[in-house]
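What follows is a pair of complexes built around chain A, which joins chain B in one and chain C in the other.
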Partner chain A sequence: MRPAAPLELAVPLVGIVVVIGVYVVAVLDQAISELVGGGTLRWRRVAFDPLRSAAHLVTQQRRTTERPDTPGWILAPALLSALAALALAMVPLGPTTVAADPETGFVVFSAAIAFVMIAVYLHGWSPNSLFALHGAYRFGAQALSLQIPFLLAMLATTLPAESLSIVDIVQAQESLWNVVRQPLGLPLYLVVGVGASFWGPMNLPDAADLAGGTGVEDSGVARLLWKSARSAMLVAVAAMGATGFLGGWWGPWLPGAVWVILKTLVLLVVLIAAGHLFARVRVEAFVVVAWALLIPLALLNIFVSGAVLL
Partner chain B sequence: MTDALVADVLFGAFALGSVITGWRVFRTDSMMRAAFFLLASFAAVGGMLVILGAEFLGMVLILMMAGEMLVMAIVMVMFMMNPAGLNPMWMVHQHRVAVAAGVSSFLAIASLGFLVDFREDPNVQPEMATVELGIELLGDSMLVFQTAGVLLLATMIGAVAIASSRGRFGAAEEGSEEPALDPEDRAAS
Partner chain C sequence: MVLRRLLTRLAAGAPVPVLPVAGLGMRDALRELRIRPELRPVDVPAAASVLVAAGSLPEEFGDPLALLHDGMPHPRAVVWWNPGNSAGPLLRRFADPTVVDGSADELVSAVVRVRRELYSGHRPSSEPVLAETGRAPWEGVGPYGQGGSGMTGGVPYGRPLAEVAPDRDGLRLDVVPLTVGPFFPQFPPGLRLEATFSGDVVVDCLPLVNPFVDIAHHALPVRPGLDVFFRALFEPVPIAELELARARDHLVWLADALSAHGLPALGVRALRLTHELEGTAAVPGVRRLSRAIEWSQVLRWSTRGVGRFDAAGRTSLGGCGPVARAAGLPDDARMEDATYRALGFELIVQDGADAAARWRQRLAEVVQSLALAKRAGAQRSEVTGQVESPRGLLTAGSAPASRLLPLLPGLLEGLEWGDAVATIVSLDIDLEEAGLAERLASAQAGAT
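This part shows the complex of A and B:
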């Protein structure tokens, strides 16, 4: 572990970033939804609707199911939030401004993404309910197919850096961002990233055709926590995309931290807009695409990046 | 608290956590819970490895276990005819043999801790540990690992081919049916 921000400072900061990120996702989602729907943007509604929904959920009556696995049900949203916070802690705002910069940052981030499937599966299995379980199994197929292309797309960014540390990955992009160096990288990362954070067209486990999927039995605070955790995961995926492919803190005129936030916002808009512009994919078709198309493309990306470096 | 003390406390917590969750694997009454406990146990072992300075190995262990445990849970539920692992069941069978095998393998592995001559100079630089691992994998042990890698790849391709939806009787999602036994029916259909 290399020197990073002191724990007393880093932990609250990451927590604040998670809370702000969740709110920003809710606002962007509402705004893009109204723009895509062709309506006029009403800022008051866009800004306050998420807060109103949150207040509604906090005061809602709790429901439960017959013989659920209560510890698992409580644990699932907490686990997903913790994973999002862990992933966000790996994102550097500057060469030394980072919550944690372990030597194996890439592996830590990938482990957080891999554990998302455990959180979603636990969330769908524990309520002892049909549609929730159905959503959990869908995500099992989806996430297991996504893991390898996700790892390979991210792994390519460690090649120019010759390091698994996220700070080193950004340092290596000073002259040329990875989005130019590896043209396949960012599109691949966004496709698998939107799948790993089960958002928009890839929201199969919590889909409306399952009446809410793994979240169908959630109510009140538990539902709010699960939705927030999902949004936080989306922020983490966008922030890591901005870091790994869009050059992180590198950029003219503005301070590095502002660049990281701006780039993260751009990717967030892309990811959220995808949810309103594309239809939900079918899991059977997607699994075939992941194994037969995304993995070969990701391998090609790695081979080309390696060959260029040699 | 000093860093060394924090490391000791964390190591103890992970060690205790891995043993307790490992014990719960056999005492719980559901396959899914057993899989989750086993995952927690492995994750705690990964945490111990990280604290021991093997950062890369520890994190990779945690990373790989997430997918493996999910696959294991799904396959267990598939073959055990226990709907979604929700029905209570015993997680052990052949109790005496299992206890004897467990105790003897624990003693055998634990005795390694006393029998092996460990290096006096602990490797304190995690980045060097990763570098040494890479040199070992692509140096002396290359043949072993490349052979194992090709073997695993062949197994994966074989498993995908077997599990593929395009079987002998058509695509699985289109309700494929075996051909009729009677040749005349077969000609008609």
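This part shows the complex of A and C:
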């Protein structure tokens, strides 16, 4: 472990980033939804409705089902939030401004993404409800298919850095961002990133055709926590995309941290807009595409990146 | 205490999550609630605070409705919009329902007021309707209520356990029998499907009888937008009115279908377009919406090959309107009307016979209907006794839904659940229309 922010500072800092990130996702989602739906953008509503809705959920009863796995049900959103926080902790705001900078930061981030499957499965399993369990199994197929291309897309960013440290990956982009060096990388990363955070077109486990899937029985605080955890994971995916492909803190005039935030916001807008403009994909079709197209493309991306570096 | 007061105050200003349940004549009016900023229609009881039932519902829906109600978290309330005379027995099951006889604005005001009263403590949260346990007896055969066949044949409290049966790959896997509906959010109102699942796959299914056929009601409430097609059975009606109603109906279908495919915001845009059909911006608006739906090709990719009728199935599609035309059949009652022919009406057909073709067909027909409405001026239809409704051939006694329902088992068996839902959505089954047609035939038979 290389020097980073002290733990007593890093933990609350990451917590604050998660909370702000979740709120920003809620605001952006509402704004984009209004725009796509042809409505009038009322900023006051867009800015405060998420807060009011959160208060509504907090004051609502947390209902239960018959014979649920209660510890699992409570643990699932906590696990997903913790994974999102862990992934965000790897994102540097500057060469020395990072909550945690292990030499294997890439591996830690990838492990956090891999464990999302456990959180979603637990969330679907624990209410003892048919459509919730159905959603859990769906995500099993989805996550198994996307994790390899996700890892490969990210792995290519470690080649120019010759390091698994996220800080080193950003340092290596000083002269040329990875989005230019590896043009296939960012699109691949975003496609599988939407899948990893089960958002928009890849929201198969919590889909409308399952009446909400793993979240069908959630009410009150449980619903708020699960929605927040999903948003936090989306923020983590966007922040790592900005770091791994868009040069992280590199940029003219503004401080590095501002560049990271701006780039993350741009990717968040892209990901959230995709959720309102791309229909949900079919599980079977996505699995075929993931194995037959995304993995070969991700491998090609690695081979080409390696050849260029040689 | 201060925090709780602050939270309650904030919560009272949030859009009210309502669970809409459409009865006779109220389907489209409830859809309109999606446009209202004060309300947020949701799909499941766990996410709702206020159950908004609208219109008359069959008495047999009493228990499913009570289940929805009891599944809502506290604080909760029931608002019944335009219940009519026949909703009385269902209304009485709830402790203190708020009844609104009036416009959508009055409904929205009532819902907001009810939620404010819930939070201010002036209204108690609605009590459960059903008993906590034992809503169905355990039907096992063992001394402890276990088992019917082997260890897994019981039906504990109405929830069947998995059994083992051969699957499509020749394996023996768990299957679960389940009745989906009548309030499954992506199904047409009233549709109930008795299905057996093996994992994600529908092994077999059977649609139950149309509940809207025998509903007791003193008058026939016809959904606004549908009434013009029923009037056309008896008298010539303005073609412009027919075609605008057809375009509006297709857009309402589009709104539902887009939501089912994960695009609720575009669905709201489709609903907004229904208010602009008579303006000059209607056709460009529909074209822009079509482009927004189709540009990415993802929807086409998600629906291509889904719910496809084979050659034998296509022969059963006579009178099924856009579904038949999407399968390449030249099936449209408007072809028999001389006024339509004089207006230059031409049949639009597709060649896919799948859900993707049915999407394309309806999108094309919206534009065609708007053009026909513009050309028609004050001209009226000539043929009576039958009419091409937005779903197909409508006569007294027969509607497209009654032709489509028997085809469902053959179409859905073997599909994954997501594809089965996409298929049902693409067929636009309207049980209310079919119920009205059958009741109309009964009324005519009674009169003669």
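Criterion: the second predicted complex is superposed on the first by the 310 of 310 C-alpha atoms of A that agree within 3 Å, B and C clash if a C-alpha of one lies under 4 Å from a C-alpha of the other, contacts with A are read in each partner's own complex, and residues count from 1 in each chain.
Operating definition for what follows: contacts are C-beta pairs under 8 Å (C-beta built on N, C-alpha and C of every residue); 3 or more make two chains touch, one makes a residue touch a chain.
Note that the structure is a prediction, hence the values are computed from the model and not measured.
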| item | value |
| --- | --- |
| Contacts of A:Val281 with chain B and chain C, given as first, second, both or neither | second |
| Contacts of A:Gly37 with chain B and chain C, given as first, second, both or neither | second |
| Touching partner for A:Val167 - first (chain B), second (chain C), both, neither | neither |
| Which superposed partner A:Asp69 touches (first chain B, second chain C, both, neither) | first |
| Touched partner set for A:Trp291, first chain B, second chain C, both or neither | first |
| Touching partner for A:Met117 - first (chain B), second (chain C), both, neither | first |
| Partner chain in contact with A:Met240 - chain B first, chain C second, else both or neither | neither |
| Chain B versus chain C as contact partner of A:Tyr137, first or second or both or neither | both |
| On chain A, the residue positions that both chain B and chain C contact, one per complex | 137, 284 |
| Residue ranges of chain C touching chain A (in the complex, touch as defined) | 4, 6-8, 10-11, 13-15, 17, 35, 37, 40, 43-44, 46-47, 49, 71-75, 119, 157, 176, 178, 184-186, 199-200, 258-269, 272-273, 292-293, 296, 298-299, 301-302, 306, 416-419, 421-422 |
| Chain C partner contacts - residues on chain A that touch it in the complex | 32-34, 36-39, 42, 45, 48-49, 51-53, 55-56, 58-63, 66, 130, 134, 137-138, 200-201, 203-204, 207-212, 216-220, 223, 275-285 |
| Interface residues, chain B side, partner chain A - complex | 30, 32-33, 36, 39, 55-56, 59-60, 62-64, 66-67, 69-71, 73-74, 84-86, 126-127, 130, 160, 165, 173 |
| Touching residues (chain side chain A, partner chain B) in the complex | 1, 69, 72, 102-104, 107-108, 110-111, 114-115, 117-118, 121-122, 125, 128, 133, 137, 140, 143-144, 147, 164, 284, 291 |
